[in-house]
Every structure is written in structure tokens, then in C-alpha cells.
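Next come two complexes, and both contain chain A; in the first it sits with chain B, in the second with chain C.
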Partner chain A sequence: MYVAVKGGESAIKNSQELLAEERRGDKNVKELTLDQIQNQLSLSLDRVMAEASLYDRELAALAVKQSCGDLVEAIFLLRAYRTTLPRFGTTVPIETANMSIRRRISATFKDLPGGQVLGPSFDYTHRLLDFSLAANGDVPEAMEADGTVDRNMPRVTDLLNNEGLIEEETAEDDNEPFDLTRESLKFPADRPARLQNLARGDEGFLLALAYSTQRGWGRNHPFAGEIRMGELSIEFIPDELGFSIEIGEITITECQMINQFKGSSDIPAQFTRGYGLSFGHNERKTMAMGIVDRALRTRELDEHVQAPAQDEEFVLSHSCNVEASGFVQHLKLPHYVDFQSELVTVRALRGEANIDKTNIVKPISDIAATE
Partner chain B sequence: MAISNQSEKAGNSTETPEILEGYNFAYLDDQTKRMIRRAILKAVAIPGYQVPFGSREMPLPFGWGTGGIQITASIIGKDDILKVIDQGADDTTNAINIRNFFGKTAGIETTEKTTEATVIQTRHRIPENPLSAKQILVYQVPIPEPLRWLEQRESETRKMHALAEYGVMHVGLYENIAHFGRVTTSYNYPVQVNDRYIMSPSPIPKFDNPKMDKMPALQLFGAGREKRIYAVPPFTKVKSLDFEDHPFAIESWEESCALCGSSNSFLDEVIIDDEGSRMFVCSDSNFCREETEKIKDGPVTSSGETL
Partner chain C sequence: MKRANEQKNRTTEINRRSWLSILAKSPLSEIQALWNKLELNPEWELIRKPEIGMVMVQGRTGGNGKAFNLGEVTITRAAVRLKNGNAGLSYVQGRSKKQAELCAVLDAMLQTPASHLQIFDNLITPLKETLEELRAQRSKKAANTKVNFFTMARGH
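Up next is the complex of A and B:
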């Protein structure tokens, strides 16, 4: 007998309660605090803040907790919250040459002013499961440096620039830059639009695209000119004051990729740049971003667009994981009506073709039974 | 945009959840609503043209009606009565979620009755009851670009619309006829609005396409993920694309609704046992309920058996 599809309302409520219970898990185990997440899952927060375009460690920790550690879900939660926040204005542009460095490495020069500062990184660890962590092992205190990090820490690209070996980075005009969170993307996209899109783009997507260029799909060999991570203070000029005040400090990671360029009829051979910047400590993301940024400059540099990573519409239209996750998963929503229309059409087509029922492809189980 | 007799309470209004503290009326801030209203005005002024807008992240996922939600949030007022349907029904999960969202963030009255609603947000259907000039129909749109399956690039499709360069669409339909003897597009069947722009009607079945033509209600289309809004003003010509020798035709069923007996509504097919037996019921749940109330006998299956 047909049971009318009713009672969806209470079913939804029950599903929500079940989710809350699963999130909490065994009540004999202590509940995670936001403090713990902020302190011990800091790289999760960094990714969430970067792709949500919202720097707030506490809210990011809440999002990670609420999403049971599903970072794409956490990014979505934080983005939706971001929508409700009023906008007071734009901060003074940051100057990454002045950041307090915690890590700074260059793969293009063995030594350089300011030196190589390894900082905290997985790079120099052996990926062996550390069972002492499972046993709540105490961590020895890290050694403190004898002196402070050199204050003079020029960017590698600026050093190359002195010699004219790398293209000049020119400031855009004084007009308000395009704002991806307020306007819809237009093609061709200018560089601010592209960099904003990549900065909040899905790390996995950018990583795969960057990787594809390294394997020959739009090859343009990049050098990691410099990767730096550290803290920067953020300044804002309130209208009523007219001068800038510090409103906080953020951690950022910046990557400058240096790429080959053969030159063209107008420009002699020189290096070109790809730029990656991200909230938090996020090297994989910023490196991938730098490579993809450069790949997307193909048209601008009069190179031949031949690979997915070089195709602006392809990359920028599909980089957002909040959009992608929503649309892929919307297939879970009912499609009874569309499917019914398709049933009617397919039946009509088959009726017209006058298909003999014995010709219908049998399910595998039936075939096995007859064989 | 509220209907006149506000004193008469909606008899069938659904339970309104508690209003959420700390958020704006209907979630969006006034600046955002103003931006969306401007996009809507532009869309109404250029029927069928896709207006880009600064779509926001909503607390429901992209692809789940965020375009429709942003439009509804921008046009709805405290006196409005909202109906939300998905696949024609008021009680599918998506419809319930969106209705509850507005119940929670706007505290407005909601209803399941098509005739009572001032704003109807829909996914994939147009209600069977004719709509009036006092109503607004808000569609949720996944892919607003009707030319997308023929040309992936937005930079190209925008040019094609600007130049009304629609030959490729007709060629596509022609090839379809050449291959299958008929146009096999069964939903999201492209239309031409006001003799100018070709428009995606959103994935409604082509059964619903004729309802769009000269509809007294304002029709607004929101594509949140794709950041586009478009509109069909009241009483505007909407023509489904066809050829003189292959005129546009809608789906029909030999069966009639097993619950209400209607023979002119869109029917969903429901499988009722392991043998694959099926019955056909109206996709518009409110229409079906009203029709059922009109008949005395209980529902019957396609074999004539009373349930």
C-alpha cells in the first residue's frame, strides 16, 4: 500500500539530533575544547581560515568541532557566517618584507641576506608514526636561538629585480580592487580577481592542477624562489582618525615562484612570477597557488593555452570547494520530477523503436543463472 | 507584495519554528538585499537576461536553492505568506529546510496552500493551480545558462546572447530530431522570452513550460552558485523552442492520479512492491490534497483496487 511521503519534518529533526549525538561520541571520553583545537590542530584551523576567507581562530576552531573535523564542511560553516558580518572598510595593504619571520627558505640560492630559517616544518621529519604521542609523551622544549632572526630579510624576488632578471611587479592603479566576495567573477579575470579566487580555492584542487603542470600538462618549470611564514600586524585607517592604527596580528604564508620565460618580440628573456599567499601556515597551498597563478598567466604572456591548469575559465570556475561540494552533493536531493520526465521520454523512444522485450539486456545475475 | 486580506489567517499554515536571535530579518543584511533587489529590477527590465550578482554564501549548501533563498530573502516582508515546494511537494526535505529557514530567520507565516501564498519558492515545478498577479514565483536554478551544454565558456555564451546568436541551439534541437525523430529534452526545455533572450526555465518538466507563458505572477530565477538572477515579468510571452513541423509537445500519461483521479496534472510514478508494480500520483502535493477532498471515494491503484 502506498504510504504518503509525510512526516519529513520530524524525520529531519531526528536526523539532526542523531548527528549531534554522533559528534559528541562516547560520553565517557572528555569533550574537545576549542582551546585544545586551537592549540593542537592549528594547521586544520589555518586551512579553514584560508579557504573561508575569514581570520578568526576561535570561530574556526568552533567550525572544526561542529563539523566533526570535516574541514570542507568547516570552511562552509565559516563562509556562511562570514556572509552576516558587516564590512567596515579595507585595511592598509600588508608588506610581507616586514613580517616577523618564523620560517623562510629559498630553493634558488644557497645563502642570501637573512639566511635560511627552517622554523617549524614537517619537511625534515621522517614520517614514522611516533608512538610516544599515543602515550601522551611530553615534548622537550625546543632550543632557543642565540640571537634574533635578522631583521633585514629582503624578498628573493626583490633581489633578482635589482638586476632586471625578473619581471617587474607593478602596482595596479589606485582604483578599488575587484572584490570576489561582493561581485561575481567576470572573464577574462584580472589578477586581483584571480589571486582572490585561488587564495580561497580548494587546496586539493590547486595541488592537483599544480602537479599536472609539473608532469607536462602546461609545463613551465617553477623554482621555489622563496617561501616565508610569520606574523604581520594589520593596520586600518578609520575615517574619523585619518591615520592608521594596528587592529591585530595574523599569521601568513607567502610563496614566490620563479618561472622560465623565453621572452617575446617585445620583451627580452627574463624570469616570471607566480604568487601564492594564504592565511596561517599553509605551504602546500601557497606553493600550488603560485604555480597555478603562473600557469594562468599563459594568455597574458602570449603562450599557448593547452592544458587545464592554463585555462582560466576552467580553473577559476571550479576552484571553490563550497560551491563544488554543494553542487555535487545536491544530487542527493529528490529528482523525482526530472527523472519521471526522462522515464516518459525513454519509454516513448523505446515504443517507437518497437523493441522486442527479449532483446533487453539482462541483469548479470540472470545471465549467470542461465549459463 | 502581500495579498489584501491579511486578517484572514492562513488555515493551513505550517508550524513556525522559534525565531533565531542575533541574525538579520531573513538572514541577509540590508546592503546585500539592496544589491540583490537592484539585480532583480534589472532582470525584470530585461526579460530573460541573466544579471550577474554578488551571490553570498548562505547557511544552506550551494546547489540546494541558495539563489532562490537569496531572492526570497530580499523580497519578502513581514506580511508575506511563504510556500516552498520541491518537486511539487511541500514536505520533501529541501522544501522543509528552506521553509524552516525563513520561519527561523524571518518569523513569517508559511503555508502549503498555493492560493494563500504571496511568495512561492520552487525547485523543479510550477504549481498546478494557476497563479495570480498578487503572487511571485521564485525558482531555484542550478545552471542558468541554456547554452551551456553547447558552449562551456561563459565568455562565449555571453557574446552569443548579446548578439542573439542562437543558431547553435536550433541546430542542436534539429540534430536531436534527426537522431531520435523527436526532441528528447524532457526537462529544462529551453524557452525564448519576449522574442529575445533564450532562457533556461530551470529543470522544470517541459509539462510546466506552457504555464510560464503570459503568467500573471512575476517569475524570478535565482542561481546562487552561478551568481545570476533573471526574470520573466507578469504577462510576458514565453515560447518553448520548436519547429513548425515538430511543434513543442508536453508529456502525457495514460494513467490518472491514483489518489485524486486527476488526469491533467504532472504524475510521479511510485513503485509499490517487489514486482515493480507502480502507481501514479500527482507531484503537486497540495493540488492532490485539494482534489482528493473533492472526491468521496478513497484512492484507487492503477488496477482499480481501492486502497
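Up next is the complex of A and C:
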């Protein structure tokens, strides 16, 4: 238990001033602008926006600057800011088939309608440090093809679905989906609730869980059916208009995981689905999300929960890094009263046992010193 | 007559959707530059002061299934009334109150027959062209990374 403390005001103020100075660093070096962060640290912003679950590039850049580049701290800042804003409503669900594609790959089909577009990717770089960047080298302009990418880029899962080779996606319905920003998560959680939780969940946590399934802890044999990244318009129906209008454009990454079969006496064997979706260009995150989404579908697919990644209460209760870092880091705050009571207890216990001091197990360092 | 009216309403709706979309997606600096060139000085009052808020973006499971909440986007809205009585509104991504107010004024002027053509031709059309150019450029750069993988025969 944490008992509030008083005092320390001037030390805290001085500590914050010191932090501000450290953040600024050497004043002979030019100060970072939000524009620079937005343009040159774009993947940091994408992670911050996704996990803060607020899309605003400028604010995400500010959060990254304020947190000295500590992204979990930046996520916390942006998450806190979003609680100050009113919500005007909900968009029309985005249609990822209409995305203006900048990247689209499939690890399952080499020839697919619309083709494979690598886009900007680290995938085929050699992961060797590029010292020309240290020398502020000029970057050549990327070449343009004669034509644009194909307008018709069907989702790979829709192609498989046409053949009945993959399970049908859950049907659309008119029910408002669960919203964990409005009500607390209850178990069992339905798929929309799980996906909202995973979409804002910590990338590192989801990555480790996804990896654990690949190593045998709840194996589900995933293939990256399709990964696509690009821009999508968002549409909203203002009450005063009664028809939908586009209110902006966001970058989105989507991953369709295709997993091994499920069949029964009624339904012949079919591939099963795992889905990842994220604000920004967040490929590792959406892939991990797709694998974990599939792992969590044990009830729908009649599987036994055998591994951590399949346990929805374990996964969904520990995925939020704002909650997790808050609870772990609160241990740094003064716990003096609390600890005093523990001291009293442990002394009393020892008094009762009337311990012979010569019998105390010595710390290892002492043993080493005497031997 | 009724049918003709309905048709007219549909057309207005489609046009209005289109210009509200273009205004929402264009950067303030470009809208402002084109607006300044027009040298118009309309008077308006605020029906709704520019207000910053959010909308929740929804996705669908598997891209086409049940809706779920993905996360929120910042949005600014405003509503104005011109002296001629025509009202306009705006919903614009981001947190620019200035853009929201200017876009609402433009929406009202675009609904005013006397100013419609001037605004449409000198502001909406060039903004639309810029957006389309940017989109085409982005797409052509992506198209230049289109890949053909070959599978290799393995083993004997």
C-alpha cells in the first residue's frame, strides 16, 4: 500500500529543472524541432500513436521530445492528453481494401492480383550501419514508376474465402462494439474487445507472446497471408448533416495471418484467421497482434488453453504498458510507512522464534571473505 | 417537381461531401494562401466556436467482419453563419481551430450561389489537384518497388 507523503517541494522542482536541462542537452547543439521529429523519427511516432491510441502526429512528436525519446513515457503522455478531449462520435468502419497502398506483400502467394509492392522496408537491408548518414549525406530522390499501383488490390483472405479455403470472417452486425475506454474489460471478452486491447497493447509484450507460440507455447502455424500499409480516408457522419463526410486521412498497417486448419464432421478443413491492425506503419506490431489474436481464439475454435498466449485474462490484463509501467514504477515512490510496518512484523516474528544469532545464514560475500 | 428537387439535393450532397473532404485533407497553409489571393472579405458569426475533440476510428475483424474500436483521431469542428444567412460547418483532422473556422466559412460560401463558382474554381479545384498529384506521386514511388519473386527448384 502506498501512503501519501508531504514535503520535498523544492527538491522536486529542482529535479524537474535538472530534467529539463538534461532533455535539452548541450546548448551548442541545435534544438530538435517537432517538424524534424515528425519527418525523421516517423516510426517512433507511429508506435506512440498506436499504443496511446490517439492519432495526432504533432502531439506524438511533442510527446517524444518531452520524454527524451522514452517511447513508453511518450505513450503515457499522449494517453493522458486524450482523456482531456471530448469525443464527437465514431467513424464509419474503415475499409482496408480501399487503401492507397504504399506497401503490400504476401508470404503465401507470389503472384496475386495487384502484385507485391515492397514499399519502404528494412526487410532487405543488410543491417549494416550506414556511416553516410553520420556524415549528413544527401539522399537521392526515390524513382517513380510510369504508372501508379494497381487500384484493385483484393485482400488475400478474401481470395481464399472465395474458394472456401479459409473460415468465414465473423459477420458484420449493427451492435456497437465493446469500448474499453468506456467500460472495464470483462471475461470472457469477445473478439472486438480483444482486438481493441491488442491494438493499443505494448509491442514488446505482444512480440514476446507471438514468439512464444512459434516456439511451441500454443503453436498455431501462422503464415503472413498479407501485410499492407498505406493511407485511408476516415469518414464520419455528423448529426447535423446526416450523410458521411471524409474528415482526414490516416496511415494504417494491416496483417492477415493465415493459420493451420480447423475442420469438423460438418465443415471440411479450412485455414483459420488471425488479424492485426494498427495506426501508422507498425509491421512488427501488427504481425505479433495477428498471431496473438489467433492464439486467443480458443473458445471459438474449441481449443484447450495450454499456454500463456492463449490465456485471454493473462494477455489482456497485462498488455497495456501505461498500466504496467505505472504499477511497476510506483514502487519507486516513498513506501516508508508501509515498510515500517513490515519491519515491525519481521522483527516480531524473529523475536518469537528467539533466533540464535550464530545460526544465521551468512551472505555469500561474507562466506567468501572468511574462506 | 418533387423528383427534381430530390435529384438536386442528391447533387448538392455529393458536391458538398467532395469539397468538405478536400478542405479537411488539405494543409492549412495551402488553403490560406489560395484564400488570401481571392481577397474576399465576408462577414460571419460563429454558430459553434471551433472546438477540438476526437472521433473513434473503427476497423473490422479480418477487414470485413465485426466492427471494433481501433483508437481515436484528433478532430476540430466549427460552424458559422454568413451575413446572407447561409450556414457552413467543418470537421477537420488535427487541432487547427483556424483551419476549422476557415473551412466552415468556405463551406457556407460554396453553398451560396453568388460565391460558389469563384471559390470552387480558385480554391477547391487547385487543392484537389494538389491532393491528387501527391497521391499519384506516392503511388508511383510505391509502384517502382513492385517485385516478382521466383521460386527455386530445391533438391532432387
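Here is the rule we use: the second predicted complex is superposed on the first by the 350 of 371 C-alpha atoms of A that agree within 3 Å, B and C clash if a C-alpha of one lies under 4 Å from a C-alpha of the other, contacts with A are read in each partner's own complex, and residues count from 1 in each chain.
The rule is short, and it goes like this: a contact is a pair of C-beta atoms (placed from the backbone, for glycine too) under 8 Å apart; a residue touches a chain by one contact, two chains touch by 3 or more.
Source: prediction; values computed, not measured.
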| item | value |
| --- | --- |
| Partners on chain A (chain B, chain C) - clash or fit | fit |
| A:Arg155 touches, of chain B and chain C: first, second, both or neither? | second |
| Touching partner for A:Ala134 - first (chain B), second (chain C), both, neither | neither |
| Contacts of A:Tyr336 with chain B and chain C, given as first, second, both or neither | first |
| Which of chain B and chain C A:Gly326 touches, first, second, both or neither | first |
| Chain B versus chain C as contact partner of A:Tyr275, first or second or both or neither | second |
| If touched residues of chain A are counted for chain B and for chain C, the larger one | C |
| Partner chain(s) touched by A:Pro188 [first = chain B, second = chain C, both, neither] | first |
| Chain A-centred angle between chain C and chain B, computed on Cα centres after superposition, in steps of 10 ° | 110 |
| First, second, both or neither for A:Gly147, with chain B first and chain C second | second |
| Touched partner set for A:Ala97, first chain B, second chain C, both or neither | second |
| Which of chain B and chain C A:Val29 touches, first, second, both or neither | neither |
| Nearest Cα pair across chain B and chain C, whole Å | 11 |
| On chain A, the residue positions that both chain B and chain C contact, one per complex | 82, 86, 181 |
| List of chain A residues in touch with chain B within their complex | 1-2, 5-9, 11-12, 76, 79-80, 82-84, 86, 181-188, 313, 317, 322-323, 325-330, 333-338, 340-345, 348-349, 352 |
| Of all residues in chain B, those that touch chain A in their complex | 15, 23-24, 27-29, 32, 35, 52-59, 61-64, 66, 86-89, 91-94, 96-97, 123-125, 142, 152-155, 180-182, 184, 186-188, 203-207, 225, 227-228, 251, 253, 258-259, 266-270, 272, 279, 281, 283, 299, 301, 307 |
| Contact footprint of chain A on chain C as seen in their complex | 13, 16-17, 20-21, 24-25, 51-75, 77, 79, 89, 91-95, 135-151 |
| Chain A - residues contacting chain C, complex | 49-50, 52-56, 58-59, 82, 85-97, 100-103, 110, 115-119, 142-149, 155, 157-158, 169-173, 177-181, 191-193, 195-196, 199-200, 230-231, 233-234, 236, 238, 240-241, 243-250, 254, 256, 273, 275, 277-279 |
